[in-house]
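Next come the structures, one after another.
Shared between the two complexes below is chain A, which has chain B as its partner in the first and chain C in the second.
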Partner chain A sequence: MSVAERTQGPALSESGLEAHSPLARLQTWLEASATSAFILHAVLVVLFLAIFPLIVSLYVSLSRLQFVPGGFQLTFVGLDNYAKLVVGIDREHFMGRFGEPHPIGWLFFGLVVLSQILLMYRYIRGGNAAVGGAIGRIVTASAITAGAWLIVHTLGPASRPGTVVVTLIYVFAGIVIQYTLGLGLAYLCIQQIPARRFFRVVFLIPMMITPVGIAYLFRMLADTTKGPVYPIWNILGLANTSWVSNPWGARAAVMIGDVWQWTPFMFIVLLAALESQSIEPIEAAVVDGASRWQIFWEITIPTILPVSSTLILIRMIEAFKIVDLPNVLTNGGPGTATESLTLHAYTIWRTLDIGGSAAVAYMLLFMVTFIGVSYANLIRQRLAEA
Partner chain B sequence: MKRSRYRSIFTPSPLGMAVTYVVLGVWAFVVLFPLYWLFVTSFKLPIDVNSGPFYIPFVDFKPSLHAWTYILVGDLRNDTFRTYRNTVVVSLASTTLALTFGSAAAYGLTRFKYQPKLGAILMFIGCVVLSIIAVVLGVPWQITVVAAIALFIILLQTIGKRFKRALGNNDIAFWLISQRMLPPVAVVIPIYILFQRLGMLDTWQALIIAYLAANLPIVVWLMRDYFQTIPIELEECAAIDGASYYRSFWSIILPLSLPGLVATFLFVLVFSWNEYLLALFLTNAKAQTLPLTVAAQNATRGPEWWYLSVLILIMIVPVIGMAIALERYIARGLLIGAIKG
Partner chain C sequence: MKRHVALTLGLMAVLSLIVTACGGAATTAAPAALPYQGVTVNVLTFTGPQIAEPLQRHGPEFEKATGAHINVATVPFSDLYQKALTDFSTGTNSYDVIVFDPQWMGDYVAGGYLEDLTDRVKANKDLQWDDVGAFFRDFSATYQGKTYTIPLDGDFQMVYYRSDLIKTPPETWDDFIALAKEYQGKDLNGDSKPDYGTCIAMKRSAQSYWMVSSIASAFLQSQGTGQGGFFTTDNLQPLYGPNEGFGAALDVYKTLSTLGPPDQLNLDVGDTRGLFTSGRCALSIDWGDIGPLAVDPATSKVQDKVGAVILPGSKKVLDRASGKLVDCDAKTCPYATNGVNHAPFAAFGGWSGAINKNSKANVKDAAFAFLAYVSAPAQSNVDVTIGKTGFNPYRLSQFKSRDAWLKSGMSEKATADYLGAIEASLNSPNMVLDLRIPQNAYYQGTVLDTAIAQFLAGEIDKDATMKQISDGWNKKTDELGRDKQLAAYKATLGVTK
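And then the complex of A and B:
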């Protein structure tokens, strides 16, 4: 039962005030409007600083903004800014240069298509298929297939990935690595060993540092001649090759920074989840002679699945916004090899093509929303129920 | 009791213990080494940095305080203290506001039933779109805003009554949370224009308002789940004794959810303390915050690592201090948020 349903009668008459005095009237009014008073300011703030800018941004992305003396001037150009990204001059930057995929690429693509068909088949055979669910699934499946097509065609030997694929690589590779590391470290940290608290506090630190600072820090560390790893580079015979000139080396450097900063977030939430799991099932399993590995796999993992699914969703949403690391560490280079979508929007902004910048931002927004909603509907629900 | 049972299961064998220590030690090294490098770099002269890696002060190189004096007592002193003060004021103010607004909204969402009419929302969006078009066509924005609000109220009072389809609390919560999905770069241009029109560029207020909007969803989302765990009976007793909603919120709910408030406070504080993109667009010299000062050390001759290190260090020390003090709260606070989503 919610408080709103309770009777409000006695509260005021017992307060000892005259029913018609201004103060009492004010009090009655305050009490009656309490439901709105609690939420209104939050809604207003978000409306004015998120919804309103969002609509303006949509309009800007459909127009060309020029700065003229004393202000700016908007010219409506329709979908031109988007067309530029998908089929026009900015296509190579945004989507990448297409080329014949590597055989492994074809294999990956085949597997993705096959798994989509299998999932769809299982859904239809599962018995409780509905029209809405089916349409949602078809849209998601075709988007995943299109994404896989884009990935294999831009990661082949003669091709080059655009900012879309690079961002997807950062997000998904980053999440897999951070989750695995975070879970492993959290599992080790619940073992009853001395100095646990020391490790827990230390592991938390990177999350607290400003991303710009981390980007500079890693630029300092990654320097092949003045950085601290120089002796190791030297021994490996790599002293004269710079990671900055190799696309995958540069991407790896960005990802190492990202993993360094965000593994703590995974770690701290998973640690709390592991510590709050109930002890009885584990004790029972120990009595039955289960091994540690079995206990971890069969009892611990299912208990932390719901938390993990939300954790991954949060991290995914935040990971799509990556900008500071590639901007400072590699400046998006070599070429555009490490440029994320937000950085892409920012570089276009710097050329004063505000409309184009807004179009890139909107493409990113579509992608995040689509992937986030699909994930929430298809995967998270299943995980949370499991 | 539970503690000892816990201990009996999660005590590793000697070999397991050794492996655990090695792995944890390696990661601790990975975390701490960059910070150590930052620390030693802040005591290096430019020549020490540029002539290759030196690891240990007094052995490899002679430490110097030149960067620290330059930032804290020398030429840059006024700049440093000004940006530091900006950062402290902006992040504390926006975090406090976000916590106040956000926990009130979260309380509302867990205790009352809201039924915003779908039609009313569509009308509102319609009015916004109309007014944007009007402004683009050259109508002064002051007139447009007043006209749009008037139109919306008239519509709401006349047609608005007929709408039946309504949304629920979960929809509002999801809507608020989904604002987090917005890449800041998608909204930064209109926000820039908005503050420019209001004449608030390069002020504390602009940053405080922007961070408030950016962090409100997190607060609502984390605090909502805390409030759900507090039994409703407490408030019912208070209501019988004559307490208003405001009073029971202030003297029952808030004190009971203190751990959650602390965790959320720290979390949001870190976000606004470190924020870069919005600050880059909305501030200039006067209201500049620390992340911008850090980025600004990348001079034309290349980054000045010694100054950078000092700045990053003075920037992270307070946050890390707080993190150490509040470590327990953070874990629990984030967990409860993550369970419910």
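And then the complex of A and C:
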């Protein structure tokens, strides 16, 4: 049947909208496609802006840049850039130097393995076990065990953490401290203390300052030989020691700056969560004679758990990308002691080894995605249900 | 009402016509007087204040004389290489002039981003090209026989010492260490606080990775400039690798890291210069900057108390065949003085200006005129005597005529000492040329810089440092093609003076 024939017939008779008529079908099709058509350009823009660079940078991470007459060329080198990081010349920088762990390290490792086995056991005995969930859990458990192995083998007496472990320290130690401090401050600010509105504003200020400004501020504060706190160091007899020349001292300096900047973020969200909890259960608990600690632990904490889990997830993803503080404060030094993964990528990129730099950035992306997804699936879900 | 509106509109139209006509007349009259009226030249260099300062200062003068507006943008030193190269290679072309490290020229010339200045340089009278030292003309400004940059600065590293404390300047690195030990912890500026034996910039990702080469060169190169101080010339094996010569240099550097301020590992050249001129250090290694900075009455507490001397040497040098250190004799150290092999290091090569090939023709003309103006003896001979410019002598007239130096406040003796140390380095037949093979920024700025920072911080030991540098360099050489890199290395060594 030709197109001309199809357009004739029942469709043109009577109302012209008879069901099953070609015109009606066209109309239905148009209506159905309209939804797609209206969002198509938005999807294309998103694809172009987000997915396209991702794919290009993936290709870049598999290639090497060279300057040739008339411009530059990218040569495909396979996984060479990744191999450099994991088994090649940059392994010590990226993964760290392995050494025999400290007994405490072994203890920690044992606890991690034990907890993974326990979790797995509980999952299987729980009765809701499915193949997909089990595979996911096995992958996560192996990754956590591998991470713990890396941490204990690079933090021992004769070893040295690489940029991966340094970043993990910044993220997890930082978040624990920031959450604890933020919760403490928020709890204080909901009490009926004088000038608490003023304190709320003051506690927020660090978050408003640009990270580079904070890095310069802490660089001055950390300078024991001439900074504003020199007199104090001098009285303590420490004016001739520099804590930013010591690996752990420098890492501590970076973490103090990070904590100082990001505690307010935890504070403001937790303050809102604390203020929004309903007063009735607390009043009931008071009537029943519960102590303050019991009220906090049994009522307040469960109420703010869903907010906390989201808060930690956001902060965790953000914390993995730390770069400004170590870059300005110590340039990643002494040696590579304070270098985060982003700074590692940035240092390589500065000499336009963009393939190597993209490989580091992709490793970071894998890590953040994996940890973020595992956290969301395993911990957050459980916390939110609790 | 309508008529009113029409009338007002008509009046406005006539008025705007008149204004445009007058304005047109005004702009057409100007170019006759000023050759580059309306041209803006965008210059990129590093966050100074040195180097950027003289460019910013001469910009308005130049604008007044020629009409060209000079716009100076700055980025941190560690970002400069990629910033300009990314801008050019992506076709953004937001910069017309880059004032940069001529060591990187290879990567810029390979991509075809730099304007060939050979003919312009020959034609320009103000520039007085023959007055520029031959080394800077032939090495810093030239690549593969063509001139691509105009030198604005001359760079050698040397040793500065407090001449009021030290009567015999160090001849070898052992002497240097002995002197540093002697003065470490003593009060050197009369404020009864302990001061430092030596102040050397050892910060990572800063302008400090040249310092280790200043020490290593004395152990690694003894047969003249053509021997090369970074690689062997037969198969491009790194001399900065597992051998006794580089090992000895690392020992010296590590010892010096303990004979300075407690935060020495976190100091850049700006910091060490400040410490030295405030009288807190007995010794320092630096480019020519400390000389003029020390006579600045506003900041210096060591006026007329500063001596300068060629980089110390070594009585033992590397035998490349065996990898061992051997004693200096007529055969092993033909250029030795008093049995000491000096290998002055032409670190960096001196800040130089290059022009973007893809800028508009009239912008390129204005850009060249500006660089020639800043480099011309009338400006340059004064600039080199001012510490904060960061410009150090590179013209013959700056060495010959000492009036400008004396006028700047430098004493006769200090002038002779300072210029003498540079001249001794410049004239040395065993001068070590800085690395200028493709992607040298990666070899030095990433591999060498990271390994040395880790070594000084105690993260890796001497053997691991030597291995890490040599593995990193070899990997890059193999990636880029060993034969090509070797040919490029030999070509740079062929240009001696």
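Everything below uses one rule, namely that the second predicted complex is superposed on the first by the 338 of 386 C-alpha atoms of A that agree within 3 Å, B and C clash if a C-alpha of one lies under 4 Å from a C-alpha of the other, contacts with A are read in each partner's own complex, and residues count from 1 in each chain.
One rule holds in what follows: a residue touches a chain if its C-beta (ideal position, glycine included) is under 8 Å from a C-beta of that chain, and two chains touch if they have at least 3 such contacts.
The structure displayed is predicted, hence computed values, not measured ones.
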item: In the superposition, chain B vs chain C on chain A residues touched; value: B
item: Partner chain(s) touched by A:Gly99 [first = chain B, second = chain C, both, neither]; value: neither
item: Partner chain(s) touched by A:Glu31 [first = chain B, second = chain C, both, neither]; value: first
item: First, second, both or neither for A:Thr225, with chain B first and chain C second; value: both
item: Touched partner set for A:Ser357, first chain B, second chain C, both or neither; value: first
item: Chain B versus chain C as contact partner of A:Gly147, first or second or both or neither; value: neither
item: Partner chain in contact with A:Gly136 - chain B first, chain C second, else both or neither; value: neither
item: A:Thr347 touches, of chain B and chain C: first, second, both or neither?; value: second
item: Touching both chain C and chain B, counted on chain A across the two superposed complexes; value: 225, 349
item: Complex interface listing, chain B residues touching chain A; value: 2, 5-7, 9-12, 16-17, 20-21, 23-24, 27-28, 30-35, 37-38, 41, 49-53, 55, 101-102, 104-105, 107-109, 111-114, 125, 128-129, 132, 136, 172, 176, 178-191, 193-194, 209-210, 212-214, 216-217, 220, 232, 235-236, 239-240, 242-246, 249, 270, 273-274, 276-277, 290-291, 294-295, 297-298, 303, 305, 308, 311-312, 315-316, 319-320, 323-324, 327, 330-332, 334-335, 338-339, 341
item: Interfacial residue positions of chain A with respect to chain B in the complex; value: 1-4, 6, 8, 10-12, 14-15, 27, 30-31, 34-35, 37-39, 41-43, 45-46, 48-57, 59-60, 74, 181, 184-185, 188-193, 197, 199-213, 216-221, 225-231, 260, 268-269, 271-273, 275-276, 279, 282-283, 286, 306-307, 310-311, 313-314, 317-318, 320-321, 323-324, 328, 341-342, 345-346, 349, 354, 357-358, 360-362, 364-365, 368-369, 372, 380
item: Partner chain A, residues of chain C touching it in the complex; value: 78-79, 81-82, 85-86, 89, 107, 110-112, 194, 203-206, 261-266, 438-439, 441-442, 445-446, 450, 453-460, 468, 471-472, 475, 479-480
item: Residue numbers on chain A that touch chain C, as the complex places them; value: 64, 66-72, 84, 88-89, 92-93, 97, 160, 223-225, 240-242, 244-245, 247, 330-337, 347-353
